[in-house]
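The following blocks contain the structures, represented as C-alpha cells.
Two complexes come next, and they have one chain in common, chain A, joined by chain B in the first and chain C in the second.
Presenting the complex of A and B:
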C-alpha cells in the first residue's frame, strides 16, 4: 500500500466530497442558507428522497432494479394523506399490505427468474392506478403527528440532518455490520456461492424487497408530512432520482457493491443540486439538463478513480 | 458391518442425467475416515457432477447417500452436508467478490453471529490460512474482488477447513491447484496429507497426475460417468493411471522436433515487460513462444500489452485465448457456435448481415477439428464441461484470421486427452505460419515451445532457446537466489 492516495479510499470519499463542494457553492451563492432555517429549508425535501434511495439500494444490492419506486411512494403518500389520517388502523393495514406485495414481488422474481425491470415496470402502472383510486384528485390531509414530526425543529441541528444520519446509521448497521447483512450483500456478489453455503436465496430476495417496501412506505409518509397533502403523481420522478442517488453514492448496478451512507449522501446531493441551480437563477428549462451534467461530472470522476485503481 | 461403520461417506448407485447426457451412470464410492481419495478422469467423465452430489448442491436422480452411517438420501442438501462436516471447494470460485475475506468466511458458518462476529470470522480464516499457507499475507479485511486469483483460491481453500460448531470431516477439493503456483500448491498438498494423518478425509480432483500420485492414499478413476478403477495409490504410476483414464499413453509425442533456430527475419512481436528492460520478448513467424515462471509474475500483463500494442511492436492481427473462462472467456448466454464465430464475424458477412450458414459451417468445422463433445453446436455454451468450453475458446481464436495467438494459461483444469489434442493443433497451426505466445504454469507445456521466457516479479529473468529448456533451469530462474 505504498501509493500516496489509496484509490479505494478516494472512491469512498467521492460522494461526501461532491456533497461538500455543492454545499460550499450554495453557501457562497446565498450565504443566508448557512443558518439553521436555511439548512432546514434546503434539506427538508431530502428526507423522502433519501428513503426512496435506500429502498432502491436494497433492490440494487441483489442485482435487480426497481422502476416502480416512484409510483409506489406516490401510492403510500396517498394512503398516508387519506386512510392513515381518517382511520389509522385501515391506513396501517393498507401500508402493511403494500409491503407484503413488495415482498411477494421479490419471491415472484426469484422463483420465476423474471427480469426485475419488467416486473417493476408493470407494477409501476399498478401502483399508480391504485393511487388514483385512493385519491382521485389532489388533496387529502397529513396526520397531525406526521406533520409534527416532519416540521419538528430540534435545537442546534436541523431535523433533516438528524433524520439522514439516523437512516444512514440504521441501514449501515443492518446491512454492512450485521452477520446476516453480509449474506444479503453476498447474494448480489455471487448468488450461487451463497446458495452453495446453504442459504435460501428466496428468503434473501423476499427480505430485500420487503425492506425496500418498508423504506418506500416511509418515504411516502415523510413526503406527506412535508407537503401536508398528496397527489397520485407526487413522487413519480423518485424512480430515476433514487437510481441516480444510489449510483452517485458509490453503488454499482451489479455485484452487490452498495453503500447505505453513500446512498444517503447521493440523495442529498441530488436534492441540493436542484437548489443550487435555482440559486444560479438558471432558466428552469435548463435545470434538468444541468442536473444531468452534475451527475455526469461526478460519475466521470469515479471512472477516473477506478482507472487509477485498475492501473495499480 | 465394520467396513460400513468406518466409512465416512458412501454413495451407492448414484445416477444423474442432464437432458440427454448421462453424467453419472450408477456410481458407487466409499470414503473412509483419514483417507485422501484422488479422483481422476478426463473432462466430462462426471467427476464434478459426482462431487456436487456429495456436497449436496445437486440432487441425484437415483441412488443412496450414506454419511457417517445415516442414510440421508431423501433429505440430503447443502445444509445436511455441512451439518455432517462435508465441505467442498468448487472448481469455479465460490467466493463473493464484493465481500471481505472475513465476511466470506462468515457465509460458510450460519452460527457465526453475535456482536464480535467479524473479528471471530477474521480470526477463523486467518488461522486456517496460517495453517495451510504459512506466509500467505492475506489480510482478513481485504475485499476478495481486489485479490489476485491465486489468493482468492487460497482463501476459498482455507475457508473449507475453518471450523465452528461442526468439524470439517470430509473436504472435497475440485482442481484446487489449478490457479496456484508450484510453491503454494506444495503447501496445500502437504496440508492435505497432514489433515489425513489427523483423521480428516479429502477427495482430491486434479489433472496434475503427479499431485494425485504423491498425495492420495487411494485413487478412483472415472470414465463416462462410471468408476472404472479404485485401488491404493501405490498400485498406480503415471502410465497406468493415464491408461485407466482411457487415453493412449504417448509420453514423447510432445517433444517431436520443430525448428529451433531463430530465423533471421524481422520478428512479428517484440515487446519489453517494462520500458528500459534489458531482455525483450521476441516471436517470429511460425514460432511457439512460452512465457514461464510462477503464476502472476507479469506474464498476463505482457500478453495484454501485446494484445493492445502498448509499447510493443506487433505486426499482424492478434487473438487471445483467455485463461479465466468465467470472467473473460465465454459469453454465458450464447450458443457454442456463436461463442466460436464471434471472433470471425467480419468474414461471414453477406450483404452486411451475418450469414447464418457460414456461421454454422465454421462452428461445425471446429467441432470436428477439436472434437467438442456436444450433440448440437446450437446448445448453450454452459451445457459443455469445463474442458470443452475451453476448446470452444480455442476454436474462437484459431478460427479467426489472427496471425498471432496469445494464450493466457488456457489449459487450467483441462484433462490430459484434451490437452494432447490441443497441443497437436497448436503445432499444426504454428507450422502453417501462425505465431503463439503461450503463458503456462505447467512445465510439461513448455516442452512444446520453441523458445521460453521466464518471468519473475514483472521482469524477464531468463531467455531460453528450446534446447536449453529444462525443468531445473526454469525453476531456478523462477525463484530468486535468496529464496
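Presenting the complex of A and C:
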C-alpha cells in the first residue's frame, strides 16, 4: 500500500527528524534562541565536533574504529595555538606531519592486518604525550585569522550553519558521488571484490586515514579558533562523541554504510542535546546523560523502522 | 611442561617485560627501593587487573565486543557505596552490596540495550556509560566522603610488603582462570568468540552466555570502583577515567586475542604489573608525562605488531 511510508526513506530521514525535533523543543523552551545570535551561540561548538565526527566516519567507512581522534584533535589544537600562531610555516609543517602519520597508520593496519582499535588506542597515548610536550600547561593563543574565521558573522545565516552545510556537501560529493569515492566505500563493503577489480586496498586505506587526519586537524584548528587557547586534554571526549555522532547519523560499523550528511547532523544533534537540558532548567548534572538518552532513543526508533521494513 | 611449551604461551612475555622493566629501574637506582617498587606495582596493578578480567571475558566474546562503560560503572559504584556507608564501619557490608548491585544493574542495562536495540556492544556500552556517568555526577554532588576507617585500613594494609588487596585479586584471578579454562561458561565464551554460529549450532546458549559476560564485567568494574574509592580515601568523579584505555591495553598486552576466542587470565597480571612498572621506570629516569605517554602508546603498538608476526608463523 502506498499509504505506508517507505521505511528506507524513513530511516534516511531519521537523523534529520531527530535534529528537527530537538531544535523545535529548544525554540519552544527558549524562543530567543530562534534569532541569529541565539543560533550562533547554540551551534558554535558544533563545528569542531562535526569535523571530528567526519574524521571518525572516514575510518568507520573502511570497517575500522578510531579511539585516538579525541587526543589527536587535542594535539592539533595545541599545535594551532602555539606553532601555527608563532611560526606559521612550522605549524603547517607539523600539522602536515600529523596527517602523514595518520596515513602511515592506515598502511600499517592494512599491511600487518592489525586490529585498528588497538593501534589507535596506542596512538591515543602517543598523541596525548606529544600534545603535553607541545603545550605543557594550558594556554597558547589562537592565530588571528583563525579566530576571525570562527567568529565571522555573515549576513542572514549564522556561520556554524554555513560551515556545517559546506562540510556536509563537500564530503558527500567526494565520497558518495565521485567514482573513486564509491571505490573507497567499497573497501568497507566488500574488500575482496574491490581488490579483484584491480583497485589497491592499501592505497584506499591510506587515503581514508589521511582524510581522517585532515578532518581531525581542521577540528583542532576550529576548536582553537573558538576557545582562543588550548590544553592537552581539550578534546579527549571527542573520541566517544564522534563514534556516537556517526552512528546517530545512520552509519553502521561494518559494510561501508556511512552517510556524511547524517554524520554532520548526528554531531549537531549531540551538541544540542547537551544544551537542551540547560534550557529545560533541569539539573546540569544530566547533560552527558541526555546525550546517552538521545542516542538510545534514536537507535530504538531505527529498530522500529527496521522491523516495519522486515514485515513488508 | 617443557621450557618450550612455557615460552609458547602468549602471556609469558608480559611477565618477562615486567621483570625487565623492574630490573632496568633498580639498576638505575643501584638497587635502592627494589622492594618498594614491587609493592607499589602490586598495589596499583591490583586495580588494573581487576577491571581487565571483566574486559578480557567481554573481548574474548569476539569482534565488536568491548565494554566502554567500565569507568562510569566504577565511579557510580564507588560513589554510591561511599555515600551509603557514611564513614560507618557497621555499614561496610551494605556498601559492598550496593556497589555490586550497581554493577549488576549496569550489566543488565548494557546487555538489554545490545539485545533490544540490536546495536554493536561498543555503542550500547557507550550510551549507557553516558547515563551512568551522569547519575554518578548527580548522586555525588561534588562531595568527597571518606571510606569507613576499617575499610580504608584494609584497603591500604601490606603484609610483609604484599598488599592484602593484591592477594585478594590474585585469588580472584586464579578462580577466573579456572572459570575460563574449565567451566562450561568459560568454554562457551571462548567458543562464541571463535565462531558464534558454530557455537550456537553446538547448543551453546549464546545470548545467555553473552548476558552473563556483560554482567560479570560490570560486577568486576563495580568491585574495582568500591576498592579504589576505599584505597584512595573516597570516590572522585574522574576516578575511572584512565581505566577505559588501560583495561583494553592490559588485555592486549596480556596476550588475549583482540579478535576474540582466545583469552587468558595470567597475562592480565603480567600486563598490569608491566604497565605500572613502565611508568615507574620512566619516572625514575626523570622523564615527564609527555615521553611517558608516548612510550606507553608505542609499546602497545609494538606488542600488537609483534603478535601479528607470531600469528603469521603459525
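In this text, the second predicted complex is superposed on the first by the 309 of 312 C-alpha atoms of A that agree within 3 Å, B and C clash if a C-alpha of one lies under 4 Å from a C-alpha of the other, contacts with A are read in each partner's own complex, and residues count from 1 in each chain.
Here is the rule we use: contacts are C-beta pairs under 8 Å (C-beta built on N, C-alpha and C of every residue); 3 or more make two chains touch, one makes a residue touch a chain.
Since the structure is predicted, the reported quantities are computational estimates derived from the model, not experimental observations.
Student: Looking at A:90 after the superposition, I want to know if it touches chain B, chain C, both of them or none. Which is it: first, second, both, neither?
Tutor: In the superposition, A:90 touches no partner, neither chain B nor chain C.
Student: Would you check which partner chain A:256 touches, where first means chain B only, second means chain C only, and both and neither mean what they say?
Tutor: It touches chain B, and chain C stays clear.
Student: Quick one: is A:165 in contact with chain B, with chain C, with both, or with neither? Answer first, second, both or neither.
Tutor: neither
Student: Applying the touch criterion given at the start, work out whether A:243 contacts chain B, chain C, both or neither, answering first, second, both or neither.
Tutor: Only chain C is touched by A:243; chain B is not.
Student: Touch check for A:157: first (chain B), second (chain C), both, or neither?
Tutor: So A:157 meets neither chain B nor chain C here.
Student: Pick one for A:119: touches chain B only (first), chain C only (second), both, or neither.
Tutor: second
Student: After lining up the shared chain so the two structures overlap, which partner does A:199 touch, if you call chain B first and chain C second: first, second, both or neither?
Tutor: Only chain B; A:199 stays clear of chain C.
Student: On the superposed three-chain arrangement, identify whether chain B or chain C touches more chain A residues.
Tutor: When the residues of chain A touched by each partner are counted, C comes out ahead.
Student: Please indicate which partner A:185 is in contact with in the superposed arrangement: first for chain B, second for chain C, both, or neither.
Tutor: The first partner, chain B, only.
Student: Show me the chain A residues, by the header's touch rule, that chain B contacts in one structure and chain C contacts in the other.
Tutor: Touching chain B and chain C on chain A: no residues.
Student: Under the definition above, what is the set of chain C residues touching chain A in their complex?
Tutor: On the chain C side, the touching residues are 64, 66, 68, 113, 116-120, 122-123, 126-131, 133-135, 137-138, 245, 248-249, 252, 258-259, 288-301, 304-305, 308.
Student: Enumerate the contact residues on chain A facing chain B in the complex.
Tutor: Contact set of chain A toward chain B: 8, 177, 179-180, 182-183, 185-186, 188-190, 192-199, 255-257.
Student: Using the touch definition from the top, list the residues of chain A that touch chain C in their complex.
Tutor: Contacts found on chain A: 65, 67, 108, 112-115, 117-119, 121-133, 136, 240, 243-244, 247, 253, 283, 285-293, 295-296, 299-300, 302-303, 306.
Student: In the complex formed with chain A, which residues of chain B make contact?
Tutor: The touching residues are 55, 57, 77-79, 82, 88, 90, 93-99, 103-104, 106-108, 110, 112-114, 117-118, 145-146.
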